[in-house]
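Consider the two complexes below, in which chain A is the common component and chain B and chain C are the respective partners.
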Partner chain A sequence: MPYVVDRFSMQDRMTEFPWARLCILLFAVSLFVLGMAAPIFMLVGKSFYTQDIFVGLSNYAHYFNNPTYLTSLGNTLWVGLLVVLISVPMTYIYAYALNRSRLPAKGLLRVISLLPVLAPSLMPAISLVYLFGNQGILNKWLFDQSIYGPIGVVIGLVFWVFPHVFMIMNTALSSGDNRHYDAARAMGAGKLRIFFTVTLPSVKYGLLSAAFVAFTLAITDFGVPKVIGGQFNMLSTDIFKQVIGQQNFSMGATLSVLMLLPAVLSFIMDRWLNRRQAGIHDHRAEVYCIPENKPRDILLGIYCLSIAAIFIGIIGMAVYASFISFWPYSLTFTLEHYAFDVMDGGGWDAYYNSLYLAVFSALLGGSVVVMVAYLAERLPGFNVLRGILQIFTLMPLAVPGMVLGLSYIFFFNQPNNPLGFIYGSMTILVLSTVVHYYTVSHLTLVTGLKKIPSATEDVSLSLKVPLINTFFKVVVPACARPIGDVSLYLFVNAMTTVSAVVFLYSPDTILASISILNMDGAGDIAPAAAMSTVIFSTCVAAKLVHWAISHYWYCRNV
Partner chain B sequence: MKALVMVLGTSMLSVGGYAAEELTVYTALEAEDLKKYATRFNQKHPEIKINWVRDSTGITTAKLIAEKENPRADVVLGLAATSLLVLKKQNMLQPYSPKGVEKLKTSFVDADSTPSWVGMNAWVASICFNTIEAKKHNIPKPTSWSDLLDPVYQGQVIMPNPNSSGTGFLDVSSWQQLFGEELGWAYMDALHNNISRYTHSGSKPCKLAASGETVIGISFAFRGARLKEKGAPIDLIFPEEGLGWDMEAAAIVKGTKNLSAAKTLMDWVVTREANELYNEGFAVVAMPGVAKPIKYYPQNIDELMIENNFEWAAKNRTTILAMWQKRFDGKSEAR
Partner chain C sequence: MLQPAYVNMNHLAQKNSQVGLDGVEDSALHAQSHQVPQPYLQLKNIRRQFDSQYVLKGIDLELKAGELVCFLGPSGCGKTTLLRAIAGLDMNYLGVIVQNGVDVSRVPAQKRDFGIVFQSYALFPNLNAEQNIAYGLRRLSKISRQTRVDELLTMVGLSEHRKKLPSQLSGGQQQRVALARALAPSPGLLLLDEPLSALDAQVREHLRGEIRRIQKTLGITTIMVTHDQDEAMAMADRIVLMNNGVIEQCGTPEDLYRNPRTPFAAQFLGLSNLISLNDGGVLASGHALSTNTRSILGEHCLLRPEQWCVSDDPAKGLPAIVTTREFLGNCIRLQLKMENGYEIVAEISSQATTLIHAEKLYVGLPEDHLVMLSA
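Our next item is the complex of A and B:
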């Protein structure tokens, strides 16, 4: 393309391909308008209607006058708080051990703590049935309390949110500044005093941020309360009952808005905290030097091993149970629970659909995220569009999966929507998955892009290399790691999510995670455990492939 | 062997895209049987492919009503007759007289001159009772519905939620018919004290009894017999006051774009072969003289079944369900 090259100059790198860039930016903006803003807008609107008649706030009045609903709202909030109170200190100590002690095998402990990410939230709930149900092997530990209810829900949620909270804690604790500890010790401060005056202030934003993330995940999850909640109702199970059980979409919308509010509030707090956290980072910080302390290492070692054992126990229980022919009366080995084709739930097709969804979400979603992140963060020009896009990319984090899914029904299933044809197709599942998990993917790539010197584009232009070549030859290879991370993230979440797709699948696009839900609902709990095992193994395999590729890449490039 | 090869051959053909027509069929049949039903149908009619959409009775009914303006189903097959009566009242069914319908028991066919629905088989309430756990907890075996009110069963009984499960609804409707409306609710109030949870599916209480999660699961005979066959340590109890039951029935959805294929399926539903197929799981079927006794079912099952007033049940379905929800929903599983 020699005629293009002639137009370049150092001063106006923003003028290269202006139309193409405008088109891509417009495409990205419309993706968010159609895939999030418009549907959510319609969902909120629907909560003011009953069967197409405007009723103002009467749905809300109905909600707040119904003691059953209020109980489950209360349940949701206190379970959310309890999960925060348990998971934050628990992950804090775990992350502390991995960052501030001289424990061996830290890498292995880290990997184990991240295992729950690779399983759908239904899996720990199923394991809890086998562990603590009336025929559970550890049933006696519950002192006649039932696992079907708040106890099971809280345990399941703590397990499931652990890795998400741990990652935040880990980042917060990994950036301790050794100079502060030296100074404190030189002034004769005791351990407790150092903890309260040095350690705690340096991680306080991380702690708060972790608390908000744990709270949001806990109040919006559907899999755990569905499987182990028994008679204990929560907001997410209420939404499901209204939409699927009663086909009452207006009430579903009303409940969704009530779930959206705390999630958005929590999101805003978290963003605000993140900004403050960024402010306290000091480039001159010295790496924290871990002092020798045997008793500390032993105590923390016992702690970490117990957590790791519990995690492996929970995952292992579901895997084990999936091979047992007739729990608890006949403990012989069988593969019959993997014969999904003769069970509720959609059979092996559900699994192939899930694979298809995961691969497409990873590839398509991954490409869109890279492109948008590059255009929005790296290249000047179109400032208004880029500003809008930057806000849009953060918003999905605040929208619970079930709320997004329900809003898609309202938006895409209207008779006069020209995009209505994607309703019930695989496309709508890919769209909802990519949008639902957009924010984290985007932020990962932005971090990666920031590491490339900003002069890269200037240099390439001065050498008269088209930007598109720079993008593919410099930017993409330099960001290979974050791109791989994002693809894996999208793949795994597409395999495991229930809430983002539970309202959107059709008979032809039924997914593995949904079939677990259906099999459990029909009482086929062993096959549900089997499908969980299949999903978990697939995610582990994806993770290994990812690890192998990035390892190879790393070796080749160093 | 030859027959097997032929069966395999036809099913491969139907999988291989040979089917010229496709039908979307909403059903509440047990998932494990869907393939069998489609295969048997395709032996006769390989040109029509059935796409099942399965959910429990209450949800399938709610879904059909919600889609009233823009129906997505062509045929409903294996849904409770009480539900089909509700749909008929909403003018959602296409009347059609399947070829050979006159051979069925009249009680199994809609009374209109051109019937809107035809019955397939009856499914009957039954209690699944885990003998091992009962011995462990020293719990006596109940023989009647009223036995279940004994405080000894507190926390040991699981039953389906009638709002989502057809089996749950036939229980509630039969208690109302057996004991009268007032006493029926009083019975459920008392039973509620012994119930540990209400499930979404009608099979699940029996499956939970089979795996010892509960001692008593109020469910239906078909599921109990299947689980006992698999070796579950359960006894099937048929309470002496009488058994609630409902009919699995089929109908064409008004407005279907595949009317001729839908009619073909309806013609098959009333055939002798189809009735023999129903008899593989159910003791009472629509065609007289077909049914052979089934293992674990009592011989006199027809006598135990109550005089079921379907019209009454269908007419009062909405009120009963709303009332039930108001009284008991707190203990229900999601759905």
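Our next item is the complex of A and C:
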């Protein structure tokens, strides 16, 4: 019988450590209020002001009367749509091959498709410069079109969003129910009819959700258009120019609100779809049984190999270029591009800062996420606080990194904010990273917590063992896998992110990903490739450590 | 061969409760030493509300020490809610609970003396069988903890599986571990929340006997919640039949089966033919069934399927057409349609070869078996 929470339960079920629990919950709520709600509120407010004078909607009017802005808004939208139209079918076929064919080495193909997650979005852009730039090795393939512009932006974005879209597709396709296929075949349905009546309905929410995610990522990314966009402006580069170039914060805020709107809309649609998707899941589903079909396997094999080759080529190009002394004139091997300390852009300190940020985000963020998810999802009492938290934990997914970063400037850089001292410190970078990537982490842990028997806390009480012991002895070990996943996720994103932190770093806290941006901006493209390679290798190493630990864990427990 | 272990365990159980897990128990012991025939558990007017709707509408009940009582009823009748109130896992009830002479109504779960087993086993997935059982024994020294765990593993017959994780055990084995874990701290009261419902029929039947054997050996007062009438009948000293938040009837299994007081009780326990007396029914329509109608009072009379006198002799009852016939092994269940349209269920022995394949039978009523129901 499900436990029903009612209005009497607050007082009576606060059985253990009510004050500690209240403190943690209040801390979590204040984290979201100070780290998200208040800054975003200020940012939206700022878009109605110019130089501290209330001007109503005139900033927006100004925006929509300016043809340059409108062009870049249009650019953003059509690039977003194009990325959706290319990446969704592309990932669908790839995920289809990995789930519905008898290809060998599926594990390897899967790993390759997820590689872009481990690289900053600047890395594919840099590779594209080397491949198709004015002196690129494949320059001729573009028929005199320039890679600096929409072509490069779209290719770079498709590469970068691929793993995110692939994961959604993979989930949708892996849940195919064999019983439906058997039933359809038994009633004599042909291949086409089966596709339209069984396959498509079962993945339609996945497809739509993938489309929304691809669109949001494409319109909010900053790294790719910054490096390879050239004169091609998009919303994210406009925000950067307004804030960093012209110091026009009001216009920056206005543009941010315009970026926030489609992201929020897309987020709401995605949540709605997720709920629908959860509704059609059936735990009695049988695993899809893959029929033998050689031609299909060969075609899909060629397709997957080409994609994998392109991915390795794109990443490999940046790695390779970072060891070449002077592209394309002197192709001798060198390590001089890794001597970051003699270059502008932050030097190796930038890398150590990134590492520091990543470790802190993973450890601190990971612990906060575990505690909050446990208190919010599993322990009764404090219903109002828990309700607020449940909404707050979902919101970060709807806030683009650049919007979050800019809103922090408005909030923490205010002269009368007592928390102003964290502005320009590492703390604000950790805060923005943890908040920015909170939702996915939280949802991962909630899923993990649901797998622990629901009566665990009751058993603990009946055996007179304090809940805090059970939390450390049962809940944490039983959730080791999701906790590891979340830590890795936070680590990797802290290493690679540019969008939120680009507004928040100071000379002392410059990050590796930012230094790529700066070196690329200064024309030092080979060192930029080198720094990308360092970040990428660090993330691969983290992934390997994670894999080794979870593999060891798995072997020990099964 | 297993016997010495239990003797040993009883001894240990006593020792444990003397040491006392908390103050409640010590005082309880003193209270008990004066009056002997006091009930172990008393529930007085227990009420529980969910959103302005009462799911428990004033439950009064007394449990004797050492008996096994089943809370039986359809889902939503309030039996699990009542169990959670007794455990203190739900504290939002009104009323008084006295355990072992001490009012524990406002005592939270971790200060009450009970062990609980859930339908879902709720074993800790990261701990092996042994560690799960030892979980509530953290106050004991390492050696006595190990001794106690060994005893319990022997008792539930899982000594060879002690190092296995829950995921490596079958459902039945998991439930044994859960039982051992609940019994480990030697609680005075054992609560079983649908402990067998998640198991296969055969395992369920076996574990049924196992639980009953252990319960009798330890002499532990036990409450089991179930919606399965067979289970309740097979295991319980007394059944508390619940419906809609009230106790419908309470008594031994035999008493409930033979003398149900309400139509609900009659229909929930075993198959029954309920015959309404208001519309005349069967009784008015045939001579064989109506010889002594004047002595029948109340609104319904009840007849169990095996109580009909079924024969192929037209002199011994009213004619009835056989509509369906189920072969159940030891007996045959017949759906019979009387001439006046009444449908009844009867069971005849599968040894009665002359009746098995008949299309038309004659049904008589043994008056000494009639039970009158007032409601």
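Heads up, the rule we're going with is that the second predicted complex is superposed on the first by the 544 of 558 C-alpha atoms of A that agree within 3 Å, B and C clash if a C-alpha of one lies under 4 Å from a C-alpha of the other, contacts with A are read in each partner's own complex, and residues count from 1 in each chain.
Keep this in mind: a contact is a pair of C-beta atoms (placed from the backbone, for glycine too) under 8 Å apart; a residue touches a chain by one contact, two chains touch by 3 or more.
What you are looking at is a predicted structure, and each value in this text was computed from that prediction instead of being measured.
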item	value
Which of chain B and chain C A:Thr447 touches, first, second, both or neither	neither
Which of chain B and chain C A:Gln414 touches, first, second, both or neither	neither
First (chain B), second (chain C), both or neither touched by A:Ala478	second
Partner chain(s) touched by A:Thr197 [first = chain B, second = chain C, both, neither]	neither
First (chain B), second (chain C), both or neither touched by A:Val459	second
Residues of chain A touched, compared between chain B and chain C (which is higher)	B
Residues of chain A at both interfaces, chain B in one complex, chain C in the other	none
Chain C to chain A touching residues, read off their complex	21, 49-51, 75, 80-81, 87-89, 91-92, 108-110, 114-116, 118, 120-127, 135-136, 138, 165, 167-168, 181-182, 184-185
For the chain A and chain C complex, residues of the former touching the latter	1, 4, 6, 8-9, 12-13, 15-16, 451-456, 458-459, 461-466, 469, 473-474, 477-478, 480, 557-558
Touching residues on chain A, where the partner in the complex is chain B	68, 71, 129, 133-135, 146, 148, 225-226, 229-231, 233, 237, 240-241, 244-247, 249, 326-330, 341-345, 415, 507-508, 521-525
Touch list for chain B against partner chain A, complex	24, 31-32, 35, 51-54, 58-59, 62-63, 65-66, 70, 132, 163-164, 196-201, 203-208, 211-214, 230-233, 329-335
